[in-house]
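Here is the structure we will look at.
By written order: A, B, C and D. Residues from 1 in each chain.
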């Protein structure tokens, strides 16, 4: 029987949005692993990490609270799962902050009366990666591998928000290993000494402070090259976008020749599990990994 | 309106900025717990761009440097990487405090002028609250035009290739221009946010009334 | 009377040495009763053999032993025959483990072993069975000087252990400084709020305890005697004095708060609103749990605490040390304000905030939680402007000179010990024009070395030893609390218990005539031959423990229970009339004379090594365990302390043809490591003068070397001996070989 | 071994480090019957692994020598090594303590001649050197080891090597058939002097102790200085054996931090100040020490020591909790952070980083079979309800050696009070 979850896709995963390839590849992955993601009906934006300029504490709390309340109403027995780092972080953080602050919870629920919802805080808010590690397990993932990612040297870029402050699987904030373990599970070579594993890509500040942001991304890519990587893999859509799509700008600014593919873990899994390039949404990447495509096309 | 709130706050807290922060800023009640170890300041990815890193801001709050703190660009440098929270030996939710201070400075009208993150952040908020979900295309275009039309055209032109790439990869859709995604219970959504904003404003107002 | 020799052939001794010939050396040359061999002497069978000889009757009865086996540090328990005079001849670590194998070394190695056997035999002949000191007496009564929380704790805990205590308190009440406090730091988890001082309950407990006598308004006018028989005159300022006998003494005389009048820069004395921490306690006490009011009756609204006021400073008139408690005290006092009214502004200006341990850190956090403001800043001045104050300081974080307004400033001033007279102070203080108020003695000890316990640094009466914090240099007298070291009340109470433990131990040991630390259990004690004494007083002056008084004619008067048995007096005596029964001029002198000195042309020099048994000897021992090679020409004699080395030994050695003498003692000076405090230093002083002797003998001064050796010098110690061999190679063999 | 006599007037001291030895000796030298239990095969505890003590810069083995001699000469005191308390029952003045003894495989016949070790070849990590070096499976734990008897590593039992060691012993000292056994002892009072363990630096992830060879902790640094230690007393860094001359000391590594230990471990400031002087001792002005700190807690007369170190031109101080350590291509640790005195950002390269890790109690007292008061930090609190069970030294709070000895002396008194009451009753 399929494992079912109350799914919070988030704005970037929508059709035609910046991480629609993550959405697609996760969809494929769920088919493979017999996982059913039930979208939270009429979900709204979580406020991301930059919402604070316009939104105060309480309005921002209510955003996620509404999503949680919707999930509580429609999927009472299912954990909430998000694929986007910021979506997961915000939802989980709001869940915990409301539980620890009765006043805030009370006010949030007053606001939620406007949509006839109530936040009770009984939900577990999880990241898709947690589902894979804890509910599926590395062994089960390994068992699914049909086309091992042989010869691929992969820098696991965990970034910030799928890491801090909650962590995945109790791992270290400074040196989480889960991406590396996944890569190895899929038959690839994990570059475990990759120094920029948890460095910041500048997040939303890439938009407002592009020079500062690109300086950070430059180091992230450079370190991957120094470690001999064929590609970077990440669980975070904003990390993926920031590291992938500005490489032209960075090359212009720093006189570099970066052309480093930045993939999602879900895309790697789809390919390793034997799915084709389309199912793995490889077309969704601006910089293609020929090596990965070759395996997908095998 | 902002300046009125500001005046009321100055009046109310009479040089006790720590108390003002404690009572009005998101997670501001944690500021008193800082022991000035500086681990947050050293952990920030955009650290070199902070005029005053978090630990110093906490000290400035105790030293009643109200204007200097609230008009600083520093808090707007936060990338929400959570390094500071993860490492703080006293458990201060520093990321949230930075966000809180930034928001508060805006609320009472002391925010720095022409701060790009402040502008972008507001744009983002307006974008998401309009339909309940973010319209990335409009947001992106808005960003290009944030410094005026001429500047916007220039930026947009320079970003043309990026945009084309994204469209080619089906990660950006021109259809968004025509409406795009949104929540269906938009009225309820807006009512909810309005209520939340009222409650929050009342908090500050309530505080300003209290002597 | 028979001396039994026992030669072990185990651990390679039998393989490396010609033990048959060693037996002959022991019996013929060492002239002992017999020499038995055993291939495993430390085994039960070996030890049983020795015990059987000790238990024998008549002519067969053995009364002294020469154990020819391993180092005295090895198998100590097996070869412990109580008071029976025993020489340990070190053939294993002392010979075979430091000498290489091979036929070319056999001769010198064998000679080394033979000499050590001769030495052991000679030593044991000069030894006598030690008997307990004659001056025994048990007195279960402890005198406790000082009736503060330290003194009261000491008294109550002594009573709980079944001993009697008398508290001598100079004021008219018990309680000391703690009794003047509003509240004290929390002592139990979660360490968040100030707690009741408990002083009233403690005073009640003291008063109710029939084992405790309290003398208020009293001072110690005179203390004479020794552990087990201290004779004390207690003088009262309100009535007649008392005479009493005590077994031991705990000095808990506490501290005097630093005089803030020395801090005019903080307007102390100029403004009534600048107060010390102790003065704030009085204000808080007056307020109860209500609002704290200033002298002018105004409620305090904005208080600033200035940490390290006049302390941690090298300025003239300031205290150089940190008083330890003051950070926590300010934290506590800020809470007095915050707990009564959270609206009161409280700021603590500190440099380093020192709130250690589990309790300290929690207490600090709790204060932050109560909105006490902490700023890292250095205060330069406090200005009084009318009734309000302006505190000028440098904010060290924001790196700027700034100021704060306050309506009350609290100065965290330091602790100055009440340790009485500094007996080591240079006597010529009056000469450099300084007029000093004479310090009153606390104990008025009728000791040759002065009326109070020696002070360490900054006037505190602490012990110098890290491992042995209660080793004050006056046996049976233990200091506790802030007189010893700056500390807070909780620590002082623990300290009081430690001091009481040592006091009880001193009582129990003096009752049976045993030495106190570090030679605990030693029954021997020094005595002198009056006929030979020249009343030169060197022994009384040099004794590190003040054990020896002088009678009216200038003869030494020993107080065995005060003595630590180091032998410094024996080393000091120019006419060699001082000795222990089992350790004397003869026991060492006979050993060095027993060595066979080959003639000048043999190319076999002889080097006498006198090594401190606490550090240098173990270092040589451990060097041997590592099989570090040493010269075959050394002959090592362990000494109790290098301070016990009498120059006659050096003269005798050089006069009898030794080519060099190496002395190894512990580090001296400020950070001395000598377990007898001054022993090593005295030896150095004496040896500095040996040059004259050498030149009258026409010998090169390099032939005598004095080294400071640490127990870890396992590589260095053998090298120092090699250096002497090189010296002899250079200056030639001694002409005094006969 | 089973012939130990104990009554309800006996004091049992658990832990044979400096605190336990002190508590045991002070009571025994007052005439009390004392049994001292030690988990390791030798006495002395952690101080035996230190090079020098602050503030005197003297050697711990010096006091250890005196204490061992006191023990050898004292017939009131019985020492049992490789002994752990497995159960306690009863109450004040009448406890029954079960003690589990693990085999040493070497009995008191041992003369420490070393022939057995010569017959052994297999090497194991040397615990005495915090695994920085190796030792044989048949070994004397350290040069000062008391009892001075060899030990056979249990991992050798059943191998030909163990048989070879047995065959090499001429004194019948090796008994390969020794088994674990449990004995029961009566006691009037029990003193826990179980000491501390260094906080596990692997948990302090930003400093990379688990990832970078040249990040070590403060107890390991002591071993590098010891002439008996793994480098023969040279300051060689682990990655490449290069002499470490530019050394960073990171204070509060795991202390004063809610992510790790909430408490201040009290001794670490002084320990690092002391260790800067090791660097100066080795290299003079060629050495360089940098202390990264929050507050320097050189309390009471230790302030003099701090002042002297401040005057040392090779030592500098940076008021900063280091944010993170990275490693450059040559294996040098690079420290990132902000000097908070005036806001100066740094990225400093050093040869070696020493983490001033804090103290945590080595025993989980909450898990004891008998209930006693334990605080949030895991230390035993003094409480009348603890009956005749007392803490000595670091079992009660983080503290330095000098204080631990004071505290242990006080603990001895508490125990003496109990047995005197039993005797008087």
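FYI, a residue touches a chain if its C-beta (ideal position, glycine included) is under 8 Å from a C-beta of that chain, and two chains touch if they have at least 3 such contacts.
Everything numeric here is computed off the predicted structure, so don't read it as measured data.
Within the contact network of the assembly, the step distance from chain A to chain D comes to 1. Comparing chain C-alpha centroids with the centroid of the full set of protein C-alpha atoms picks out D as the closest. When every chain is reduced to the mean of its CA atoms, the largest separation from chain A belongs to C. Once the centre of each chain is set as its mean CA position, chain A and chain B turn out to be 23 Å apart.
With centres defined as mean CA coordinates, chain C is found 66 Å away from chain A. Centres computed as Cα averages put chain B at a distance of 50 Å from chain D. Across the assembly, chain D contributes 206, 256, 319, 324, 340, 343 as residues in contact with two or more other chains. Looking at chain A, one finds that residues 173 touch two or more other chains.
The multi-chain contact residues of chain B, meaning those touching 2 or more other chains, are 35-36, 55-56, 83, 90.
Listed by chain label, the pairs that touch are A-B, A-D, B-C, B-D, C-D. Across the interface of their complex, chain A is touched by residues 26, 45-46, 49, 77, 79-83, 85-86, 99-100, 102-103, 106-107, 116-122, 124-126, 128-129, 132-134, 136, 140, 143, 161-162, 165-166, 168-173, 175-176, 181, 183-185, 188-189, 191-197, 199-200, 203 of chain B. Residues 18, 22, 26, 29-31, 51, 53, 55-67, 69-70, 72-74, 109, 111-113, 140, 143-144, 148, 170-171, 226-228, 256, 262-264, 266, 295-304, 307, 319, 340-343, 375-377, 379, 381, 397-399, 401-403, 405-407, 409-410, 412-414, 416-417, 420-421, 424 of chain D are the ones that touch chain C when the two sit in their complex.
Against chain B, in their complex, chain A makes its touches with residues 11-12, 14-21, 42-45, 47-59, 61-63, 66, 107-108, 110-116, 160-161, 163-165, 173, 199-200, 202-205, 207-209, 212, 216, 241, 245-246, 248-249, 283-286. Taken together, the chain B residues at the contact with chain C in this complex read 16, 18-19, 22, 32-33, 35-36, 55-56, 59-60, 62-63, 65, 90.
By the touch criterion given at the top, residues 35-43, 47-48, 52-53, 55-56, 83, 87, 89-91 of chain B touch chain D in their complex.
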